[in-house]
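Once you scroll down, you'll see the structures, which are given as structure tokens.
Below, subunit A partners subunit B and then partners subunit C, in two separate complexes.
Now for the complex of A and B:
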């Protein structure tokens, strides 16, 4: 992945009548990276991808592809390509004809087109005899690969994906997530992937951009966003989380050692992931500790999750390995805690 | 249970099937039988004779067939070109207005075809609405716009517009927006999207609309009589003349059978050739 941005978005704004879908956003996509743009429904991610591929015109701002401003270039003249949510394969054409379609438009000779289609079938691990198959003879996963092959056919500079896995069943989705990641590594292309699934984004991408209400909340590698979210929205969006207002909720949390030095008297929210907390033995010390009563327990395969209510009536979630679980069910008094390094202070206005 | 339902279904469909057989097949069989009777007989109790078909070839009736088919083809092509943008707008662009447009077009069918065509005669004739006003205001008149082949084709286009418009709109609505957008994203121009994506995927509507218009236009008579003033004689006119003034039922029947065979053959060939399922990718 190169450091040089292949795509630059400057103060991009999109309004529909009196509704603003994107508020002057900036984004740099690096050459060869896999960037996932994640956010809840209606946050503007689909509008953003449609602007990036040229299906919509921005109300303000600019999009640059390397040194060329492309926001006024029509979609069919841009060296980019999108894999649609519905895949948008052409049902009246065979697999081979679908893959060759962009090459035919560019007047590539038939023999060369076929050679490229067969090469892409091999790259996507589809048998050669799929070349003549009809689209309705392909399974969901195979159609996915055909759509990818078609998108790669004319060697676009950037490949955009608009939630292409969202309609697939869980097992197939998991397989294709890994295949997509592998394909990215093998082709070295720049992938920009829109999804509402954080899990998908975490598995596949180099960086994740979290969107909310037409703005980016945070853009960073997945691990960094998970461990050090910039806002409580991002913290909660990235998975289950325990949030403590350190300035107002000292009664619930007991801070000692490094934690007392780092967080006492600070303004903000202390974030602790459920898997960072552990059940403390009766006299065991911890830099961050909280007492409460177990109100519910949920078995998650090899792990177990407890809902604990503190004296201040705050609900805390703890997730531990089953062998480290507590003896006794709901109603059991318990102390939980963690080290200061497992906590992250979110200083929000 | 399924067998019982099937038997019940067959039983329930029996009255309609019998009605269709009587009302559709019986007249055709009767006409077919009369077509092989000797000239100017009014009974089927005669020895079969193919002289009426011979007359079709020798008396130049094929010209009427050619005029009918030619004008039907022209009207169908014009209707297709004319209706495509409107049908596209109805299927993809207009929202509530599509219903208004549909009601407007359907309402024209509430008025008899002959009355509507007479309206055009009064509008286009010498001294009619257009020529009359022009002459009144400018002092210069002309011979009117009636009694020629283009005006017959205009009449066919005018009368059969709904039969092309609605199937076409239905066909276009079957083209997924994503497929058009994907083609555009892959580099297709507007023309390439039309040729490579929209026309093939809308083909069921195109085939149905074209066949309806062609078949109805090929058998049409009022347009050539009222607007064309029999500038050319269409085959339906020849059939009517043979059955009425000519009192030659076998000739009329033979001409009708030729028309049925040609139009039916074209329709069956069109449907078979079109292979609608394959066109839209549903072939098993």
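Now for the complex of A and C:
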């Protein structure tokens, strides 16, 4: 992945009548990276991808592909390609004809087209005899691969994806997530992937851009966003989280050692992930600690999750390995805690 | 849901009754066409297929068939083209006056055809056009093009807009998108609309009566001969007309299967 941005978005704004879908956003997409744009429904991610591929015109701002400004270039003249949410495979064409479609438009000779289609079928692990199959004879996963093969046949500078896995069942989605990641590594192309599933974004991408109400909340590698979210919205969006208001003396939290130095008297919210907390032994010391009573427990395969209510009536979630679980069920008094390094202070205005 | 014995029998009886109601009049015309008598009478005492021979040999019948075929053929082609683009405007694209267009385009279907025929005749007179088979084509189109639009629009509504967007995204211009994606996907609707257009024009009487002028189509001739100068040639030509419609309908229904078989044989 190069540091050089292949795509630059400057102050991009999109309004529909009196509704603003995108508020002057900026974004750099690096050459060869896998960028996932994640956000809840209606946050503007689909509008953004449609602007990037040329299906919509921006109300203001600019989009640059390398050194060329492309926001006024029509979709069919841009060197980018998109895999649609519905996949948009042509039902009146065979698998082979679908893959060959962009090559046919470029007037590539038939023999050359077929050779490339067969090559792409092999790359996507589809048998050669699928070349003549009708689209309605393919399963959901096979259609995904055909759509990918067609997009790769176009040989785009950037490949965009608009939630293409959202309609698939869980197991198939998991398999295809890994295959897509592998394909990205093998082809070295720039992938921009829109999804509402954080899990998908975490598995596949190099960087994640979190969107909310037409703005980017944070753009960083997944691990960084997970550990150091820039806002409580991002923290909560990235999975289960415990948030404590440290400006109000951390509520029921007892801060000592490094934690007291770092967080006492600060303005903001202290974030601790459930898996960072552990059940403390009766006399065990911890830089961050809190006492409470177990109100519920949930088995999650090899792990176990506890809902604990503190003396101040705050609900805290703890997730530990089953062998580290407590003896006794709901109603058991416990002390939980962690080190200062497992905490992150979100200083929000 | 399982039906009881009585309900089952009642349903069969009802089905037969409905079919008899629909097809018995046609069967009686069929019988009349093979009657040897010059005048319509039941029961038929002597059967003959002579009138079919006379119908085939008749110059008048041949001219009538040719004219009706010409009118229906041209109406079909124009209705398919108008219906195709009308359906795109009706169902595929968002534009300012779309809702108004959707209402106005369908309105002619609900006008009584006699009133429509009269209005068109008055209009042709007002602009100095002498009624002929050509004006009948226009008249048929006023009524049939909206029906063709509606038939193709039903197909267009089930069309995923992402298919056209995908084609554009991969480099297709407007014409290539139309040729490679839109037309092939709407083709079943266009063929159905063509079938409708042909059959509705082929059998149309009220609009033709007002707008053909000195020319005459088959339904007009059948009516004129029923009113004065009846001979078994009338039911015979009527049956030939029905047979032509049935053949076209059968061709239309088996066309997808025939095309698939042809493609398989070629490959």
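Note that the second predicted complex is superposed on the first by the 347 of 349 C-alpha atoms of A that agree within 3 Å, B and C clash if a C-alpha of one lies under 4 Å from a C-alpha of the other, contacts with A are read in each partner's own complex, and residues count from 1 in each chain.
The rule is short, and it goes like this: a contact is a pair of C-beta atoms (placed from the backbone, for glycine too) under 8 Å apart; a residue touches a chain by one contact, two chains touch by 3 or more.
Everything numeric here is computed off the predicted structure, so don't read it as measured data.
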For this session: Quick one: on subunit A, after the overlay, do subunit B and subunit C clash, or do they fit? Just give me the call.
Result: clash
Problem set entry | Partner chain(s) touched by A:84 [first = subunit B, second = subunit C, both, neither] | both
Exercise. For A:235, is the partner it touches subunit B (first), subunit C (second), both, or none of the two (neither)?
Worked result: neither
For this session: Examine A:135 and indicate which partner it touches, taking first as subunit B and second as subunit C; both and neither are also allowed.
Result: first
Problem set entry | subunit A residues contacted in one complex by subunit B, in the other by subunit C | 53-55, 75-77, 81-82, 84-86, 88, 90-92, 101-102, 105-106, 150, 154
Exercise. What residues of subunit C sit close enough to touch subunit A in their complex?
Worked result: 160, 162-163, 165-173, 176, 180-181, 184-185
Exercise. Contact residues on subunit A for subunit B in the complex?
Worked result: 53-55, 75-77, 81-82, 84-86, 88-93, 101-102, 105-106, 134-136, 150-151, 154
Seminar exercise, completed: As the complex stands, subunit B meets subunit A at residues 176, 178-179, 181-189, 192, 196-197, 200-201, 278-284
Exercise. Which subunit A residues qualify as touching subunit C in the complex?
Worked result: 53-55, 74-77, 80-82, 84-86, 88, 90-92, 101-102, 105-106, 150, 154
